[in-house]
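Next up, some structures in structure tokens.
In the two complexes that follow, chain A is the common piece, with chain B as its partner first and chain C second.
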Partner chain A sequence: MHISDGILSAPVLIAGFIGTVAVAAYTLRQLDLDDIPKVSVITSVFFVASLIHIPIGPSSIHLILGGLVGVVLGIRAFPAIMLGIILQTILFGHGGVTVIGVNTMMLGGGGLMAYAVWQLRHHFNIKKKEMIFGGLAGAMGIFSSGIVLALSLVTTGEEFIATAWYTLIAHIPVMIIEALVVGSCAAFLAKVKPDALAGQLPLAPAVTATAAETTKPSNEDSPK
Partner chain B sequence: MKAYHTKNKAIIAISWQPVRRCITAMATILLLVSPTAFAHKLNMFAYVEGNKIFAEGYFTDGKKAKNSTITVFDPDNNQLLQGISDKDGQFTFAIPKQSDLRITVNAGMGHQAEYLLLKNELSEETESALTTSIATASKSANANDNSDIQHTKSSQVTTNLDNDAMRTEIERAVGKAIKPLMRELSTMRSEKSLADIIGGIGFIFGLFGVAMYFKSRQQP
Partner chain C sequence: MPLDIDRFAKLESPLQRWDPRIKLFTLGIFVFSVALLKTLPIACVAFCLAVGILRLSNLPYDFVASSVKWVIFFLLPFFIIMPLSYPGEAAFYIIGLPFAWEGLQLATLIFIKAVAIILTTFSMFGTARFDVSMIALQHLKCPKILVQMLLFTYRYTFVFIEEMRRMQIAMRARGFVMKTNLKTMQVMGNFVGTLLIRSFERSERVYKAMLSKGYQGELHTMVKFKSEQQDYIKSALVLVTAVIILALDFSGLFLPAKQSWF
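Moving on to the complex of A and B:
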């Protein structure tokens, strides 16, 4: 899910760059020293994930894992995805240099949306909520990236509704597989190492923590 | 600063043990699944076959870019012609202009690739060769005796026909023979090896390492 060079018009490309720089500047300020090893590992996972194909029937798919990045890194997902996309563009020619901004908005935005869905789990008290909301977040990452993709293609004259439908239908298998992968990863991490996940509540008083969580979603897993 | 450093090290060493194992396992499995196939990147190649240009779009996993819009531009970015590829991702068209041609294929959903066909790859050469052969043939016909003229003419016509037929036949055969080569070449050009992936991961760790270095200097 990368847009190639030479499709989008200049205003869209510039808007993509401006949006990316703004969001990246904001999210990079939230990056603490303690987060960096985690962010770099997850960035590598994201970077590699979309290079590797899994054959399914006559076709093949590749994972995008924007959702997993969002679930593990929270809003730090954005700079992680940005770096991943820049390297994919330079080293593998995915997308193109002029579309780095739009592609980052598309996939990084998907990561942030996935994180938003992931945070909703605090409002539910059900069993296996890590798995359920991890799965939803995984699907949400793809879904919102598809919406951004369709939005940016509208400017080229492709009709929005049709493109959006086509894109979403084409990505349904990816969405399902990604939901399974992210869901099981989230459940696994919740079991073996809960504080590796983004937006985990501290073990102390739950009520106040929930309030703090919803107002300040940026501070979650930085152990001060 | 030293204390901070050791604290950090401890965090990494203790907390990432299971996660690291999980990631290593995942990466190994993924690499084993398909070591050579990479993402759904659209590629295309084009070449001249007689007085026609043959263009084909395909994804790196081997799927053809069917029903894609193929557009041809001249060096001044004027659109010369546009067409839709068939179910094999192929589109054949007559040479629209004797100049460098930029051919793009758009497979929808933001996939686009382009290919530059240089002027000297166009079939000028074959055309000139054809005219030369005709000229020499007619020259030799002029030199012949009048008595023989009827016979020569007919034989010359057949020779020309033979030449023509042979030429197209050869061109077709050569075209067919180099097609897999062209495909292989353009795949090789676009495909990257495991070394690039590992290099990319190295980049990521290196950049974050630099970031960590500067961050840790800022903090007392």
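Moving on to the complex of A and C:
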């Protein structure tokens, strides 16, 4: 999901760049030395995973996974998504050089919003909360990206209002698919490798401790 | 879609010989000036210029077309949505929907500008090795950390595409068929999760290998840039053209595709 070159007006493009530079500067400063290869390697996985097409009836859509980036990388989702967008621009010509700012705000912002939703899980004590909040985070990623996309179209000019509505409606099936995929992926990661998920240790040491206890015996069982 | 944009970097042409730093800077400015255009005739001129620059680069037609056709495909809906949803006077009605010529004009403008910019992107990044382009970006004051991450991401994209293909073959071999149902979503979620775990473990190994080779956050390269008078002449030519088309566009000689653009 991205917007192409040549549609948006100059003020919107500039606002996108200013916003991206500000948020990227802040989030890049949070990166440690060992984060550089790690974030980049994971970014390339998301880049590759977004090539997966899922059939809906006769047609198909490709995964975006902006929400999952937030669930896995936390705050670092923003620079990761920015990398993905720059790479997509250079390699495919999708989007374009002038809309890197707007597209990063759209999808990277979605990643950060998804992370915020994902963190809410600590306040609940229910079964399968990774799956539920992962799904909500996946839906949130697409939802907030769709809102930013619609806003950038509407602020460009009133003749784009109808287009903005169409794109918002077109995002509903994407949102459902993303919610299901991200939800089951989060549940899978919580079961298999909980420390791969963002915001696990510092906020809820009790949760990860129990997760570690439950995974330990099963690891010992498996060789038999 | 070809992922290795720099497949034809070894071809011999004025663009390949152009100092990458100056090339990226100049064509970058050109791209932004195209994005700001708002009159159709000038957009057509810019499109011809973009095609001309691309022809100079000697990049094969198929290589460019395979990517551009997708972009065109994504832009086609505009030709339907814009004329039918344009506010104001309708020229005539199609099954009750107002059809406005201004909307069609605007859609054409968007289309021409977008394709022109994409063609220029190919001239920018298709004419030098990817790592050379990235280091050139670093010389243009692009943050070092960003350049490093782009290089890593690019390199590992190929590794994970291979990994994903292997996993997909394994899934098909076990009889998995993608359908529109809950099971498929769940399997795909687990698929992405497995890919992620593998990448996590790989990234740890990569980082350790880098540390043992003395990595301290700096990237050392043997790429050397040399700019000659010719490079500056090419740059001046493109920049002057960009200024001329922008000036003509704003001069009011031509009617904008839409009156109140800003």
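What we mean here is this: the second predicted complex is superposed on the first by the 180 of 224 C-alpha atoms of A that agree within 3 Å, B and C clash if a C-alpha of one lies under 4 Å from a C-alpha of the other, contacts with A are read in each partner's own complex, and residues count from 1 in each chain.
Everything below uses one rule, namely that contacts are C-beta pairs under 8 Å (C-beta built on N, C-alpha and C of every residue); 3 or more make two chains touch, one makes a residue touch a chain.
What you are looking at is a predicted structure, and each value in this text was computed from that prediction instead of being measured.
Q: First (chain B), second (chain C), both or neither: which does A:Val39 touch?
A: After superposing on A, A:Val39 lies in contact with both chain B and chain C.
Q: Now for A:Pro11: first (chain B), second (chain C), both, or neither, which partner does it touch?
A: In the superposition, A:Pro11 touches chain C alone.
Q: Which holds for A:Leu153: it touches chain B only (first), chain C only (second), both, or neither?
A: The first partner, chain B, only.
Q: Once the structures are superposed on A, label A:Gly183 by its partner contacts, choosing first (chain B), second (chain C), both or neither.
A: Only chain C is touched by A:Gly183; chain B is not.
Q: Mind telling me which of the two, chain B or chain C, contacts the most residues of chain A?
A: Partner with more touched residues of chain A: C.
Q: Of the two partner chains, chain B (first) and chain C (second), which one does A:Val174 touch, if any: first, second, both, or neither?
A: Neither chain B nor chain C is touched by A:Val174.
Q: A:Phe92 contacts which: chain B (first), chain C (second), both, neither?
A: Both: A:Phe92 reaches chain B and chain C.
Q: Touching A:His62, do we find chain B (first), chain C (second), both, or neither?
A: The first partner, chain B, only.
Q: So, A:Ala162: does it touch chain B (first), chain C (second), both, or neither?
A: Only chain C; A:Ala162 stays clear of chain B.
Q: Classify the contacts of A:Ala137 with the two partner chains as first (chain B alone), second (chain C alone), both, or neither.
A: neither
Q: Let me check the overlay on chain A: which residues of chain A are in contact with chain B and also with chain C?
A: The overlap between the chain B and chain C interfaces on chain A comprises residues 4-7, 31, 33-34, 36-41, 43-45, 47-49, 51-52, 54-55, 83-84, 87, 91-94, 158, 163, 166, 185, 188-189, 192-193, 196.
Q: Which residues of chain B touch chain A once you look at their complex with the stated criterion?
A: 4, 8, 11-12, 15-16, 18-20, 22-23, 26-27, 30-31, 33-34, 37-42, 61, 63, 104, 106, 108-114, 190, 192, 196-197, 199-201, 203-205, 207-209, 211-212, 215-216, 219
Q: Spell out the part of chain C that touches chain A in their complex, as residue ranges.
A: 1, 3, 5, 28, 31-32, 34-36, 67-68, 70-71, 74-75, 78, 81-82, 84-87, 102-103, 106, 109-114, 116-118, 121-122, 124-125, 130, 133, 143, 145-146, 148-157, 159-161, 163-164, 178-180, 182, 184-186, 188-197, 199-200, 202-204, 206-207, 210, 216-217, 258, 260-262
Q: Given the complex with chain C, which residues does chain A contribute to the contact?
A: Touching chain C: residues 4-7, 9-11, 13, 28, 31, 33-34, 36-45, 47-49, 51-52, 54-57, 63, 65, 68, 72, 79, 82-84, 86-87, 89-94, 96-98, 157-159, 161-163, 166, 177, 180-189, 192-193, 196 of chain A.
Q: Touching chain B in the complex: which residues of chain A?
A: Counting only chain A, the residues touching chain B are 1-7, 31-34, 36-41, 43-45, 47-55, 59-60, 62, 83-84, 87-88, 91-94, 149, 152-153, 158, 163, 166-167, 170, 185, 188-189, 192-193, 195-196.
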